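The following pair of complexes shares a single chain, chain A, combined with chain B in the former and chain C in the latter.
Entry: the complex of A and B
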């Protein structure tokens, strides 16, 4: 008897307490929740910061319309009339290959280091302390822009492929350890427990349970990173003298002022980047979600 | 049978390993990468960092100028991200399966976004440098284009995931296109969209350092100036300032994400 009564009477009571009224007695249709308040504050502050940003930039009295017009003319020449003037097509393809090589070496070295450290960063394989130390260190590595790592290593190793690969590896390791350890942490706790109960050693757990069941995730993440590293390698060629197509781009733009060549090089980079993106999207849709 | 399976797997593993090793040797050869020098350079660099790469009292004098450059970089990344986000939202609405107007516009907007994001930010900076010169706007537009391309792609994915049922429900009630977009699509995907915006602001702080080195603006310029004049104490101060900025932005965006998602 009591139960039915409470069921019948409760919803009405609940509703009354939930209804909020305005001063004139109307029922409020929209009730602000914390998430909505934070959403609004975020949007408003982004708008204010953007406006402030535009006001604070040092435009150096640039003639905006003229610059835009020039850019449009340049872009048109660049992409409709692109040509190679300082080197041949086969040389430029070779430069693309060098950039790919920098990205590949970085990804392989970074992948191996991340695999080992990623195991120690996963909470279900080690204790909380070790995991937090590694993750904190890795967050620091990720916060420093890749170009700065490369330039820092360039002091010890000299400008060139060694500094570029080691510098980019740092950032790759920062990214992959986070991805790897999170993939491993998502693994079903029962599998590890079952192996532990049967007396398996730590290495047996890693090789018999962890690696077989997460291998596809780890490989997919590694390939995603290869895609990012290709773009990075182009940037390091331009900004840190690492060679490859990025360096040619920098020379064509900054030294020869050759718009047509910049256009051609951009086409080459675009073609490789689109190809890598299509591949990595396929891999991502198939293995990561 | 089982033994054969293991044998097959082992053979596959061997083939893959051989291919990877061959590629490593080939690429190390053409990029002139010296593996031994690579590994020995890490301890050498760490030793060098402990000996030279820390801020001292003299470099603290440079702090006000570094902070004003850093300010420029932060605002560059915020304003390029938000403005690119607005444009990306329009393109994403055209491009998404649930809110597209027709297939033609959808393919066009996806294609444009793909071009913009796949031309690296360095290439954009080099292209814009011709007519904008060493100006904050060079960096702004370079970041704007790449951010626009990237955000259009992830916004399309977000809209596709978040709002199909509510769009269907509103269509059944006879709502107009704009009513559907503003009452269903945007409200239901807004938290995810904001989360992507915050992620991109964080990424753009790092990218704008790179762009700054090339275009002579912001904190990237400050770093390359001190670096080239071998004033490593001041350069290390720049790195510390960037790291702290990224951490603060990460903490704020993690808080916002926790509350709104």
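Entry: the complex of A and C
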């Protein structure tokens, strides 16, 4: 028996008049919703804008092929011919350590603040008002990029590591409060109810039920933020004079125009980032589940 | 002795749903009562009004001589320590061990700091182990709760309620997620704590046959009103239909 036969011999009767059909008479399965229409329109207009953008670029008098060729040569020297010219390997490792310190400090300070405020931002632990105030404030913090916060605090603290730490902590708090409070909100409401019904107080519930249940998620988010903060710390070293490997990168590229050194430092940062990733995955798999 | 007195109890949710309308009944110490009724009739609301997990809109509840509805925060915590609660979904902290979950039942008796660091004196721990032994969980004591079966989890839930030293245990659909075998074990345990320890039990149940078999008294609720309140053996088929608002032949138990 082939497939069409089996469909035809289906004993359940169908009232065919109620079916929606397309213009060509096929049975409709997808119904276009308003959100889908909007998405489609947005996509199409983005494609059109992109094409128009490339067509209307002011290319000045650059020979496109030559420019591409030069770029490739530069990138090749950068990554295939990397070398250290202005400082030694041990010095660069020390600078990496400074950058890591910057990331670590901001993650720890931000993590502690976020944990406390995250509890008050979770809807199942506080009332709607407190939660909304904190979440609104935090959304505002997140909307402004890290580098801008650093520059804002640089007004008071001067460009340097102090402004970088405060600014990065600020953004870390904005990020982690959202992550923490949402992890806590995922928690089964029943557990809180059960402890409340046995007469437990708010802090007791937090320490006896919320933290044991969500510790894994909270730590996973903190690790993720540490990785983000590491890359941020590199950027802050370059852009806000916070020191560390980012500053060396800035000097190598903007001051000495030494692409070989830029390449070497990039490799170094990449290696550390990969190392952090491996480390955090290991820790997560071994100690938390 | 009168343990619980409920008078003119009403609960209206925001948006105007009347979950309970003028509910009146009283409970004597040592009773074993089942509350039955269709889903959404207000059974859970009724149970949660008794320990103020839900605040009633109107009426009076007197538990052990104390007027429940006017209690302040601290007194409310004290009241809740005297009332154990058991849930359909057990509501245990899955990442903690069985014994830790049982000891959560003592939190209401502790200062905030003692509860935060989880300090329990030896007497409490001994009692917790004794209760677990009695409920047949001797070998599961140090297991994590997510390794247990549903029936075992519910027994941990009972242990957590028992260590509170409650006068009253409220059970919200204690066997709704369990297989018939585990259901029987749980019901037998509940019956035993009622008989041996003299703890008053109020259960919400969906299984009418179980309610009739285990309880002396049954309260039937439909749309927030009590439609039946009497001995289990006087619950006729007609009464059951009245409780569930159904016609003859529409219920699975017939």
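General observations
The rule is short, and it goes like this: the second predicted complex is superposed on the first by the 224 of 289 C-alpha atoms of A that agree within 3 Å, B and C clash if a C-alpha of one lies under 4 Å from a C-alpha of the other, contacts with A are read in each partner's own complex, and residues count from 1 in each chain.
Quick note on the criterion: a contact is a pair of C-beta atoms (placed from the backbone, for glycine too) under 8 Å apart; a residue touches a chain by one contact, two chains touch by 3 or more.
Bear in mind that the values here come from a model prediction, so they are computed numbers and not experimental data.
When both complexes are superposed on chain A, chain B and chain C end up sitting side by side without clashing.
Residue contacts after overlaying the shared chain place A:208 against chain C, while chain B stays out of touching range. When chain A is checked against chain B and against chain C, the one touching more of its residues turns out to be B. In the superposition on chain A, contact of A:175 is made with neither chain B nor chain C. When the shared chain is aligned, chain C comes close enough to touch A:188, but chain B does not. When the two complexes are overlaid on their common chain A, residue A:199 makes contact with chain C while staying clear of chain B. Of the two partner chains, chain B is the only one that A:238 touches; chain C does not reach it. When the two structures are aligned on the shared chain, A:247 is found in touch with neither chain B nor chain C. Here's the short version: in the overlay, chain B gets within 8 Å of chain C at its closest Cα pair.
Looking at the complex, you find that chain B touches chain A at residues 20, 23-24, 26-28, 30-34, 37-38, 41-42, 44-45, 48-49, 53, 71-72, 75-76, 78-79, 82-83, 114-115, 118-123, 126-137, 140, 190-191, 194, 197-198, 206-207, 209-210, 213-214, 220, 223-224, 227, 232, 239, 242-243, 246-247, 250, 256, 259-260.
Within the complex formed with chain B, the residues of chain A that make contact are 34-35, 38-39, 42-43, 46-47, 49-50, 52-54, 56-60, 62, 64, 66-68, 70-71, 74-75, 78, 94, 97-98, 100-102, 104-105, 108-109, 139-140, 142-148, 151-153, 155-157, 160-163, 165-166, 231, 234-235, 238-239, 243-244, 246, 249-250, 252-254, 257, 259, 262, 265-266, 269-270, 273-274, 277.
The part of chain A that touches chain C in the complex is made up of residues 188, 190-191, 193-201, 203-204, 206-209, 212-213, 215.
Interface residues of chain C, counted against chain A in their complex, comprise 51, 53, 77-81, 83-85, 87, 89-96, 104-105, 107-110, 112, 115-118, 157, 160-161, 164.
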